[in-house]
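Two complexes are shown next, each including chain A; its partner changes from chain B in the first to chain C in the second.
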Partner chain A sequence: MSTLFDLLVAGLATGAIYALVAVGFTLLWQTSQTINFAQGEFVMLPAFLMLAAMHVGAPFWLAIIIGILLSMILLGLAFKMLLVDPMLRHGVLPLAIATMALAIGIKEAVKQFFSAEASPFPSIVPTGDIRILGHAVALQSVGVLVVAILAVVGLTMLLTRTSLGHQMQAAAQNPTVARIIGVPVERMILLTFLINAFLVALASMLITPIYLAKFSSGEVLGQAAFIAAIVGGFNQVRGAIAGGLLIGVLDNLAAAYVSTQYRAAVPMIFLIVVILFRPQGLLGRAEERTV
Partner chain B sequence: MSNLGKTLKIALGLAVIAALIIVPMNFNRYGLFILSQWAVMTIAAMGLNLTLGYAGQVSLAQGAFVGIGAYAAAIMTTHGWPLPAALVVAIVLSFAIGWVLGYPALRVQHHYLAFVTLAFSTLAFLVFRNESWLTGGIYGISNIPRPNILGFATNRPLPFYYVCLGSLAIVSLAVWWLIRSPWGRAFMALRENPLRAQSLGVDTRRYTLMAFAIGSALGGVAGALYAPLTQYIDPVPFNLSLSLDLLMMVIVGGAGFFLGPFLGAMIAVLLPEWLRFTEGYYLMIYAVAVMVLLIWSPTGILGILDRYMAERRTKAASALRAVAKSRLETAQ
Partner chain C sequence: MSDSILSVSNLVGGYGKMTILNGTTFSVPKATITTIIGPNGAGKSTVFKAIFGLLKLREGKITFADRDVTNLSQRALLNAGICYVPQGRNIFAELSVRHNIELGGVAAEKGIDLPKRIEAALDLFPALRRKSTQQASTLSGGEQKQLEIARSLLLDPQLVLIDEPSIGLSPLMVQQTFNILRDLRDRGVTILMIEQNARSALEISDFGIVLELGQTRMVDKAERILNDPRIGQLFLGGAMEETAA
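The block that comes next holds the complex of A and B.
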């Protein structure tokens, strides 16, 4: 049974990263109907920003801060002001296509300005194992889980406990009424974009030591985050978290018990089944907003 | 005035067709390959334009149907079957699978539908890659023969370019006819207001499935041409990014416009080639160009033209109104 335990832990660790990315994805959808096809590339880029900062001599901790700040400026502020704002009123599809083009642009820019090869990335957690319940567990998995859980708990507290969080939720659920009762809706939307940028930078820092920094690594990750978001519930933060963990575990179990060739098929089939029989997602509510 | 416009349009169309026939005669191998690819991708994009632009059903699986058509053609022609037979099989196969893929569209719409088709696209890619007894797996299928059409061998690039162009012409005429038939009108009714379409007696269920099936069948046609064009196929070109590319072509060209796919495929296939002189930067510039275009005109290139024409028409109409009004006043 030790293998099953290992698989579960590894699955939860990758699932926690998927969850971070999926939460950001649903936040953008909720507040501004943005389906971000570049979300995977958003995760890929911050690692390169951090590597670049280290390249010019910054120590690792400073590089992380610079990387996170730069991503918030580029992937949060600039993304919203330059691409989302001008296109928002023209409907979901053109904006989605524009983010596809953005994904190509980011990938090519990284390939051109950094490297087409995979580069190693330092881990914030030391390598090695600790023993939990008689099983050796990689410290890295534990570290990833802890950071991801902290981030998610922090975000949930922000959304449910603070006035700022309530204003954000109001802006997402009913912008018109929110505006009437004095919520600065525009600023709230900008805030969700900044939070998304922060989350993807965090995910980038956690996942890159495992899978290396490569310009194309966003494709798989972006898809996993989509699936997680939909499976869990497109309009629910906790749905996205559950979906992320579920997809992470499912993916790892499928690799071990189904076949390595068709491991990618399992989450896809799961996705199709969920959409057909429970389109609002496992934890989501039926969409209340009229389209 | 409108008569003159019509003649002008026809003359312009004929000039473009003549140019497509004559100008490539002294193109080199690569130029002809790219142009043939443009014709093939236009066919696939026209299929998606039917599904998305006219019937309003988002599909991220068109690339998978190009793959299905390509593999059908590759497997059959390497086993000695003629290409037309393979083409029929490709059409029937993509039509049937497209029909089945349409069923989710009866339950879910918009982004949910997009994601179901996205999942299908990935599944199809896995089948292409893993079922090596049929598809050759990652090694693919090589030495795909080009057909003899009416006794002419089309092995050389120029004759095969004419095969692609001729197919494009046939498909264009068929689609032109289709969108003007009652079916096309039913598709548009489906896009604009499904509820009203249903209450007017349009069998929305059947037309939704049809929109998927016909669109997918055109993807299959494109695939059946793609295989002999490249003469070697493996799973990689048919992954999700082809579906995304095709979707981009339709939106960038102008979804729901007959000529949209032609322009969209031109941008997606030819623009990167024209930008090759910028070396490593060409895809970046391409991406930025697509974003800028969409910011400027979310309805695509033809959307710009459409707006301009509408503006001119309103101006002309108000000018006429002003003339009529002044006449009325002088008569009084």
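The block that comes next holds the complex of A and C.
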């Protein structure tokens, strides 16, 4: 039986991955009103791209770079130009439904072209334990936490400390005014799609060694990230981070103390409670935008 | 008007099938405050959108400083020396006051000393300097309008298009805002303003333009328009000419 400390660390590690995915999810919503129901599949796919690169002979490090770059092209650029731009003209809802279709498409394509079986995936951190505060903690968890924290801190610095980040925020908060003062709004929106693609590829690299590469693994991930984003506050990056960590910890604690069978239900119940009592999310603000 | 900096001629355009501008023609003299007045739906804001490239014109030409600027991009217009302060609240509420002002320099061409201009803009508005690190959403309505004006000054514009600056402001704040516009005019900036609050706006203006049904009905010195008995009638809902198309 794991101790509470171990559970917390493991929970924070999965939570940090959920946070990466949820942050990307909220970024897309903020800049382009895209509710990406394929976000889970976006996390599932890069691992397969990396596996494919390794299959043709690339070493692991190169496969990661290839996977991330391909993700940015497919899940960033192509996703925006071929699906979001044409669909968004018809409204937020048709776009959301189109992303559901995309999710099914990606899932089935992976099943057809790769395999329906789960494949192992190498980890960037060696197996083994490290002692922290007298507890043996899996290096895997620590590695995941470190990479995820670096990514989130880097992104936050970009958004809050640089002119580019301010322009992205301006484009998200008020695109009309941003355009009027000369912010290249279209380029900023494209940038958020590329950032989202980078984040999901990173999350894919971190989580696949734990859960294996499987065509259906996006379902759970997408749902976790969706709940994390809503719980934290749909329109706040820091809300998505908090929501991700919270869901990760909750998920792990529920598996240990409630039951593994009901593990997936606990975040859902939590989601319902949050929506009932604080619909804007724990850190969110009430939506001012009228769509 | 001889020394005009902006002239629009025969603008025709609107939204979808609806035509709002119906041959709008006027010119704006340099270093003046010119106010456009007219009833709702006259096309006042639409003229601004057309000048600022936000509305596709079906016909017409816009000349600024002897250069054809019709349908230029916003960035090109900003760099040509035109800026636009639209109606309502146009700040980025979750960014700090300073960051909001900094964003005004996004379109700046290389070689412009932006930090110096940001300081200069903050010098003009002491209230903004005091609150420069606060979130812009904490500013009062008047301060938010000041922030928009400060932001628009970063590119050192020659022409400021300002739409309904007095809306939602207390009478005191309206006076302050008008004083700022007057200062700008005295420094050689041309102000083209739209105001619902026609009387007070015309009082600080050099010229007035009366727009009705997308056409220019009258262009004259501001005090002459103020004293024109037909103007009161126009704002009470009547047309300037009974046969107006």
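Just so it is clear, the second predicted complex is superposed on the first by the 289 of 291 C-alpha atoms of A that agree within 3 Å, B and C clash if a C-alpha of one lies under 4 Å from a C-alpha of the other, contacts with A are read in each partner's own complex, and residues count from 1 in each chain.
By our rule, a contact is a pair of C-beta atoms (placed from the backbone, for glycine too) under 8 Å apart; a residue touches a chain by one contact, two chains touch by 3 or more.
A quick note: this is a predicted structure, and the numbers were derived from the prediction, not measured.
For the three-chain arrangement built by superposition, which of chain B and chain C touches the greater number of chain A residues?
Of chain B and chain C, B contacts more residues of chain A.
Considering only the touch criterion stated at the top, classify A:Gln167 as touching first (chain B), second (chain C), both, or neither.
So A:Gln167 only meets chain C here.
With the two structures laid over each other on chain A, which partner does A:Ala58 touch: chain B (first), chain C (second), both, or neither?
neither
Contacts for A:Leu139 in the overlay, against chain B (first) and chain C (second): which applies, first, second, both or neither?
neither
Touch check for A:Ile181: first (chain B), second (chain C), both, or neither?
In the superposed model, A:Ile181 contacts chain C only, not chain B.
Once the two structures are superposed, pull the chain A residues common to the chain B and chain C interfaces.
None.
Can you tell me which positions in chain B touch chain A when the two form their complex?
For chain B paired with chain A, touching residues are 58, 104, 107-108, 110-112, 114-116, 118-120, 122-123, 126, 129-130, 240, 244, 247-248, 251-252, 255, 280-281, 283-284, 286-288, 290-291, 294-295, 298-299.
Could you pull out which chain A residues touch chain C in their complex?
163, 166-167, 169-170, 173-174, 176-184
Going by the contact rule set out above, which residues of chain C touch chain A in the complex?
The contact residues of chain C facing chain A are 52, 54, 74-75, 78, 83-84, 86, 90-95, 99, 102-104, 106-107, 151-152, 155.
Which residues of chain A touch chain B in their complex?
Residues of chain A touching chain B: 35, 37, 83, 86-87, 90-98, 100-102, 104-105, 108-109, 111-112, 219, 223, 226-227, 230, 234, 261-262, 264-265, 268-269, 271-272, 275-276, 279, 291.
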